[in-house]
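After this come two complexes, each holding chain A, first together with chain B and then together with chain C.
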Partner chain A sequence: MKLDAVTSRILKFIDERGFRQKGAFNLRYNGQAVCHGDTENIRIVKKKDNPGIDVYISGGTKGEEIHIPVVVAASGMTDVVYNDFYVEDGADVIIVAGCAIHNDGCNEARHDGIHSFHVGKNAAVRYEEKHYGEGEGTGEKILNPATKIYMGENSVFTLDTAQIKGVDSTVRETYVEAGKNARLYVTEKLMTHGEQSAISNMEVQLNGDDSSAQIVSRSVARGRSSQVFHPKAVGNALCHAHIQCDSIIMDQARVSSIPEINANYLDAQIIHEAAIGRINSAQLIKLRTFGLTESEAEAVIIEDFLK
Partner chain B sequence: MKLDAVTSRILKFIDERGFRQKGAFNLRYNGQAVCHGDTENIRIVKKKDNPGIDVYISGGTKGEEIHIPVVVAASGMTDVVYNDFYVEDGADVIIVAGCAIHNDGCNEARHDGIHSFHVGKNAAVRYEEKHYGEGEGTGEKILNPATKIYMGENSVFTLDTAQIKGVDSTVRETYVEAGKNARLYVTEKLMTHGEQSAISNMEVQLNGDDSSAQIVSRSVARGRSSQVFHPKAVGNALCHAHIQCDSIIMDQARVSSIPEINANYLDAQIIHEAAIGRINSAQLIKLRTFGLTESEAEAVIIEDFLK
Partner chain C sequence: MLKVEHLSYEAEENGIRRRILSDVSFTVEDGEMLVVTGPNGGGKSTAANLIMGIETPSQGRIWLDGREITDMSIDERAIEGIGFAFQQPPRFKGLTVSRLLSLAAGRELAGKECCSLLKAVGLCGKEYKDREVDNTLSGGEMKRIEIATVFAKKHKLSIFDEPEAGIDLWSFSMLIKQFEKMHREKKESILLISHQERIIRMADRIMVIKDGAVQKIGKKEEMLPSLMIGDAGSCTCMQHRGGAGNETGCSDE
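Our next item is the complex of A and B:
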């Protein structure tokens, strides 16, 4: 099908790999799946009980991409979607999700994406989720993702999330259970500005021996925005976890970081590091001596920090 | 007055500098002040409305020690005490507090020490507080200290707390407000064993420009004991805070560390680090090659860690 200009344009913000109507894909637009495709290994089935899709990924999948972006372009719309992923033993897959909101009206536009991942043994999943908001109206752009991940033995899950800009309010809920020798990698990038508010809660239960989690969160808070991070790692077995949260505050912004590490087992080893501070002034001065204006220099530092 | 043998013995655990009935001192025994002394600079006054004392420390105080230990040696006793310290501008003082419980009975023995410190400009306070429990009985030894510290301009406060052993249950509440250029140093050491439980909540509000806080918490959890740490640093001005929590878990113990860092101001710079893990096995092996038994080697490592 032919996409309108706004949709084509804003899809690029949330799907940097490039959304195309081929391979395994599903485009949800204003609360409806408007086009979709399957492949030999990947089957996307519309849910009967709830809005959303079930995605079946066979063990034969090797490096295939699934693109399932969401666009909300209507002011006053609340779109709630339940997507479930069944990843068979041994599959290797890249899932590109995310939501772009274009709101020119005065009512809020909201998307709640509830995603569950059932990851089989020896499977590898890379899940990318970008959030973006724009529009001339006064209506808020709200994104509340909930992500549940159940990791089987020897599986690897990479969760790569980014909230680029324009999201007025977000509450992110992430829950992970890691089985034996399962390895979780999380990268979270968050930028807020204006009067925006962002809350990110994450709980990782390390239940299997030799399971591990590496969580890196980087954020920039500008304007009068506020951010709260609450990552929680629970070690119930011989496991390793490392949480690192770094935030830059600018202007009148506020950031809270409340990491929680729980060791319930002798051989659980959990480390956390967090830092909040302003832009490094030495870096700023150095860039300005190269002829950059203050705001150009800030932009370079922030881009590098969130890279 | 002549102290009984048990009191003399257990006072040594909580007052390593040595309790003597001279200088500024106050010994509280089973809920009563049994002896006390003032000096030219330091006046200890029994409260009229509540159990406890008001301690007035003049600006002329330079390096004097105040010893105010508490002993609870009666099963079934709950001793609640309110001690307030008024530290004048420019004073320099060392306050040695702490509580030792000897409980041979089957009922709980409990001490709640509620301490407030009103610290003047340019004053320096070192506050040492040790907690210790012992006794052959089945009655619990419970210590719930609450410490409030209000720091004036350019003041320095060093809070040195240690729970040595034998305390079945503790809930520690610490609250600090730091004014301009005030510097706070906190060292917390905690050892739990058996079925013991320890909770430590700490909130530091950095309100003045150039204020700073350095918080170091080290703990060892053995047996089936549990520990929860919740230090919170709030930066409301140009300030620095560094929180470091390190815990060793042994046996079937559990440790939770929930540091919270809040930056409400552009020039607040706050860092947190936490780690939970078992005893370093390389260190253990090295010590054992020197001929130490496993438990001797463990004891050396723990002692070094808590030093």
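Our next item is the complex of A and C:
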């Protein structure tokens, strides 16, 4: 299928690995699945009861990529999609998702991606999700992802999310249940500017012995934007969790970080670290001694902080 | 050549205006190593900050190679050819050592180049180049990387503010060799703030700053005897061979 210039361009923002109509893929465009492909190990099936897809990943999958980007390019559209992933025991897969909104109109364009992952024993999943908004119109660009992850014994799940720019409003809900010896790695990167707002709620239930979670959130809030982070880790077994939230605040922005850690078991070890602050002037000065202007130094600090 | 004339600096502390540096004049000739020493709090770092443009002088002028830089910004002075290693370098979350060195060099450095710069300060490039310049690095590691940022590019004038502080003895010896090499090549002028005897002995000239003023300046041969005996007028807190820590032997502040 031939993609139009806008779609081709904005796909590059949300799929840095490169979207190709090859292997396992599914492109959703303005509420419709417009092209898809399966492989020997990965089967993508259109849902019958709801908009969205079921993705079946066999245990024989080793390092294969699945690309399932979403593009919303119609002002006034609300696109809700339900994607469920069934990852068999022993599978090793990379899933590249993400949504780009191009809104040239005056009505809001919105995408709610509701995803669930059922991860089998000894399986490894890397899930990358980037969000991006653009367009000349005054209509808002809204993205509300909801992600539920159920991790089997000895499984590894890496959740790498980034909101690059241009998203006016986002409410992210993440829920994870980790079984015995399951390991969860979460990296969340977020940039807001103008009047944008972002809320991220995350709950991790560590249910299995020796389960662990490492959650790193880095954000930059500029202009008059606002951000709220509410990560919650619950230790119900012998487990380890480390949550680290760092935010750079600029201009008239507002950032709240509300940690919640709960231990329901004697041997649960849960740590939360949070820091909010402006760009350190010593950092700016150091980079300026390399010949960078103040604004160039600021850009480097932000770019690398979110990298 | 760096030329500093009648440099003064005042700062407000608790509502009281205090003179930190008073009428300081000196030069650093092309290819010369000038070591600045003196008691802590005497104004050495302030003088260095004024040359780099980090602080603004209340009086005085600064020239580099005949071009006045007094009113230039930090980045303009960097472009003019001044390099600066801080006594306490800042940490950066997310920024890797190789990225920092590339920024310092003003171009993308190859892995080998990063390794070579890190080796010069006693660090294993393979181990460090991809690490973040954050609080996972010790103070000594930070300090060595900071020095490597100045080595990353040729400057007309390189300023090092107490490069020995916080560095272990083995790394310190390597560092000394690097400074000796720089000095031998005489491709750039060096202004080095130090209390360390081995560094002071490398100098072409030595300047003692105390109580915000230049107390003495002269050739190493003329200055060393008085510094070595630590005469009352020129107590410089000099640390002796092997002492690269933060200790100072001075109690005259």
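Quick notes
Here, the second predicted complex is superposed on the first by the 307 of 307 C-alpha atoms of A that agree within 3 Å, B and C clash if a C-alpha of one lies under 4 Å from a C-alpha of the other, contacts with A are read in each partner's own complex, and residues count from 1 in each chain.
In the analysis below, a contact is a pair of C-beta atoms (placed from the backbone, for glycine too) under 8 Å apart; a residue touches a chain by one contact, two chains touch by 3 or more.
Note that the structure is predicted; figures quoted are calculated from it, not measured.
Shared-chain residue A:282: touches chain C; no touch with chain B. In the superposed model, A:292 makes contact with chain C only, not with chain B.
Contacts of A:263 after superposition: chain B is touched, whereas chain C is not reached.
When the two structures are aligned on the shared chain, A:218 is found in touch with chain C, with no touch to chain B. Between chain B and chain C, more residues of chain A are touched by B. Contacts of A:301 after superposition: chain C is touched, whereas chain B is not reached.
Comparing which residues of chain A touch chain B with which touch chain C, the overlap is empty. Of all residues in chain C, only 52, 54, 73-75, 78-79, 82-84, 86, 89-90, 92-96, 99, 103-104, 106, 149 touch chain A in the complex they form. Listing the residues of chain A that touch chain C in their complex gives 218, 246, 280, 282-283, 285-294, 300-301, 304-307. Against chain A, the residues of chain B that register as touching in their complex are 235, 247, 249-278.
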